[in-house]
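Next come two complexes, and both contain subunit A; in the first it sits with subunit B, in the second with subunit C.
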Partner chain A sequence: MGFDISVTQGSDEATVKLSGELDAAAAPKLKETVEKVAGAKPKRLVFDVSALEFMASAGLRVLIFAKQKMGAGVSLYVIGSKGPVLNTLTMSGFHHSVILQDTYKPLE
Partner chain B sequence: MQGIDIQPTHEYQGYKIRPGRPFPFGASVVPGGVNFSVFSRSANYCVLVIFERGAAKPLVEIPFRGMFAKAFTEEPVWGEFRIGDVFNMTVLGLDHEAIEYGFRMDDGRPKAKRGKPAIHRFDPSIVLLDPYARAIGGRDVWGRAPDWNAPFPHRSRVVFDDYDWEGDRPLEIPLEDLVIYEMHVRGFTRHPSSGIDGAEAGTFSAMREKIPYLKELGVNCVELMPIYEFDEFENSRWDEDHKRWAKMNFWGYSTIGFFSPKAGYASTGRMNDGTMVADELKSLVKELHRNGIEIILDVVFNHTAEGNEYGPTISYRGIDNSTYYMLTPEGYYYNFSGTGNTLNCNNPIVRDMVVDALRYWASQYHIDGFRFDLASILSRDPWGGPMANPPLLEALAFDPILGKCKLIAEAWDAGGLYQVGSFPAYGRWAEWNGKFRDTIRRFLKGDPGETGAMSQAILGSPQLYQGRGPTASINFVTCHDGFNLADLVSYNDKHNEANLEDNRDGANDNASWNCGWEGPTDDPSILALRQRQMKNAISMLLVSQGVPMILMGDEFGQSKLGNNNTYGLDAEINWLDWTLQEANQNFHRFVSKMIAFRLAHPVLRSRDFFHHADPAGYGYSDISWHGVRAWQPDWGGRAIAFMLCGNYAKGGTVPDDFIYVALNMHWDALPFELPRLPDGFLWRVFANTGMQAPEDAFDPGSEPELAEQSGCLAGGRSVVILVGRSTAQ
Partner chain C sequence: METRSVPAVLESLAEIRRFVKDAAGRARIEDSRTYQLQLAVDEIATNIILYGYKDAGEGAVISIGAERTGDALVITLKDQSPPFDPRTMQMPEALDIAMPLEERKVGGLGIYLAFQGVDRFEYRHEEGSNLNIFEVRSGHD
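So, the complex of A and B:
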């Protein structure tokens, strides 16, 4: 199982769609992407994880890295999480720090 | 800027390695790979064994000394990766999430035989757990039967030591302001009535969801029974008739690894990812802190799960038996813990390990304090003799990283050392006050002549802790050991048959009283008396100086059916039954009102002992004693009353009300004459356990005026609590 990233830059938001397994081997690639996306200074950063099948602690750390990198003014959305990925987010408590949605609806 | 120590120097079976860093011990993620470091004074042979996660067979076994290939050139080259008594090596290119590891060690001498005494117990056929493992695999989901024949059952894992704390830090609530709730992580939410679904029940994350309940109850500190990795299957017994485990190690007082949270307590345990388990516990701590609740860990440093000469070799004994354990000159294990072995805590190596572990929990997990199981063992020298100035206890008391952590001793051990009041404290250590418990219990059941001892308990036990202050006294009526509150008033004798030890286990002397019938009854008068006795006990606990501790389940009056030693039961009697919150709502309400009362009144929470004096000339001393006649205590009977002058709250630094408490443990009602308040002050009734709910306790601040200000009637076996406030307020 591999890992894929695709990025869509909208006017206000950047959407990063993840698929496959986000483990320690895949995490650096995502981190690089996040750094690039952050450079464009979007108002909202959206991770579409609906096609993501697994996320390890290293993967979770990239999401936290993204949150820290973007700063307090940027809201972070995690869209379409389910199964093991949703479990990882809730059991680690990370769901308190982001906006979890089934489908993307910007809050403001 | 990149360091210059990331290039390999040697190669072994395709793995690129280089000399490691001896500090810190254990496995740490370093740039480019993982650093491994392990101590053994006596091993002359050590091998690092790396597994793919969960695999039975190792990926590779890399010796710390021997022939290697030179990195890049592949010429044969000798290598030795050791500094002093520490083997250390960095393996480059390892995915820290994907591996588990252990060590093999030997000293080249004949192996010790099982059951026979021995100074060393090296056995190179065994893969040993790292004593500094930050996470341990093998018991990842609670109660999932393991492979009993697994050659490496407890598997060291690597944890990435970071976490998004979002500004969290330990709360540093003054000790005197704590109300501690002693609880068991699994027992808290395992019961179906907890409302937590399936696999998440009984975990750290389930506990996090229940924080609002703790907040509503009003406690500001939780003390978790052991959460270091242990084996719930230690001495387990399967009940074929009922297809269940009749016995397990439920409590967990048997440590496997001092640096690792119990994976089976994490809902993420089943993901087999040590960092995830750590994250789950850290997010529980963060959320507790956000809600103003501290977290204290009950830590077991007196022994390990390796048992005696017949026990399994998991880690310590296969690494350096005579360093980690107290041994007789012949090589038998000293047994001051009552469980087979005794950790050699005042050996400098072991002492450092204990300090390292606690620093790790304080800094990496933001733990607010520690309660040390059988802490008197920590004051023994390597031959078992008690020391006047035990280096470990001193080191902990003065440790800079632990500087604001609460340090609480269970000031006795199973070898006969009883140090309540005399534990080497260095101005830092508090103690579980077993004498407080015994006094309250005897007074509660109506023993005559306990009023003098009761006054000591109420004052924070100055006879025990003079020079240390009331915060040295952790007050409790019940704890995990012994009867819980409901059983204290429902049973004269223990009923431990369910523990499968023919009722021989557990304490025989419980100072309990069944109120007229042994065990469950429908008799309304007995039930009412029991309810009142429970309220009396909670009242006495919460109006005493010192630090109160309440046992999980006691706030609901949950029974354990007379079992006073439920360590081995993963069953309903050990699971908090949430339906009782509703069923026993009157009692639950009383407990939370009493907690609120304590927190509303600083005069109940002094840092220093009262002086029985009125240095500022208010006309009232800080504390005064009374009987049925004001100012005339009867030190020989079953009733006593006292008054606190709010002007002396916290040494006179904060204002408070007058508080008057009448404790009548006589079976007859007694009229208490009240001391006169200053002009313009009135007595109000906060609580009267002789009344039915809701008249048994009021919200602090909305207490009704006492009709007759000169006296009050305390019913038989009842507590009356009054507050005296100015009518101008």
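So, the complex of A and C:
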């Protein structure tokens, strides 16, 4: 199964598409990507998780890291979460801090 | 009881989840509950690998067992790292869960998800081994 990341850098936002299984073995790779993407100072950081089949708390911790790294002024979007991945996000209270959408529509 | 031993490294997590999924399939556990069980076992196994076996050299192993009793499936993780009862770990409270991410503490989330995902969690220390025991019952969602 494994885990894959692809990054699309727009003018205002960076989109990070995740697929496969995001566990503690895969999380460092995502953290590295977030660090790289943060360097370009996007206004919005978009995680497309529509092809993500598993996410452990190690994945949640990368989202926390991203928010803390980018600062409160940068909005985090999580796009296409469904089923158990969505369940994990809401159970952990992440719907209070990230913008959950089916498809990406920038809010501002 | 069916058992398997894997090296105590993060790269074994996928195999551990696969083992749980196969056992849950045979026990006719619903898909959503199977996922929660996989997540619970994955989180505790991650803690064992990253913290329990932190100072262990090569050759450290985790064994995983699956057993059916009635309509329940019991998964057991067994390891020989120092005694640690995950139930003693401080978990995020309702207040933390509602906190903005930028102010969050990052600890305890995995254990929190693990306990939420199963019908019963038990820990025992026996003959030098940690036993982390997860139980789910089929037939309700």
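Definition applied: the second predicted complex is superposed on the first by the 108 of 108 C-alpha atoms of A that agree within 3 Å, B and C clash if a C-alpha of one lies under 4 Å from a C-alpha of the other, contacts with A are read in each partner's own complex, and residues count from 1 in each chain.
Criterion: a residue touches a chain if its C-beta (ideal position, glycine included) is under 8 Å from a C-beta of that chain, and two chains touch if they have at least 3 such contacts.
Keep in mind the model is a prediction, meaning the values are calculated, not measured.
Colleague: Name the chain, either subunit B or subunit C, that contacts more residues of subunit A.
Modeller: Larger number of subunit A residues touched: C.
Colleague: If we overlay the two complexes on their shared chain A, which of subunit B and subunit C does A:G83 touch? Say first, second, both or neither.
Modeller: second
Colleague: Considering only the touch criterion stated at the top, classify A:A24 as touching first (subunit B), second (subunit C), both, or neither.
Modeller: A:A24 sits against subunit B and subunit C alike.
Colleague: Jot down the residues of subunit A that show up as touching in both complexes, subunit B in one and subunit C in the other.
Modeller: On subunit A, the overlap between the subunit B and subunit C contacts is residues 23-25, 56-58, 60-61, 64, 67-68, 84, 87-88, 91-94, 96-97.
Colleague: Can you name the residues of subunit A that touch subunit B in the complex?
Modeller: 23-25, 56-58, 60-61, 64, 67-68, 84, 87-88, 90-94, 96-97
Colleague: Note which residues of subunit C are touching subunit A in the complex, please.
Modeller: 10-11, 13-14, 17, 32, 35-36, 38-39, 42-43, 46, 49-50, 92, 96-102, 104, 106, 109-110, 112-113, 116
Colleague: Can you list the residues on subunit A that touch subunit C in the complex?
Modeller: Residues 1, 21, 23-25, 54, 56-58, 60-61, 63-64, 67-68, 71-72, 76, 83-84, 87-88, 91-94, 96-98.
Colleague: Along subunit B, where are the residues that touch subunit A in the complex?
Modeller: 95-98, 160, 162, 164, 166, 200, 203, 205, 208, 266-268, 271, 273, 275-276, 279-280, 282-284, 286-287
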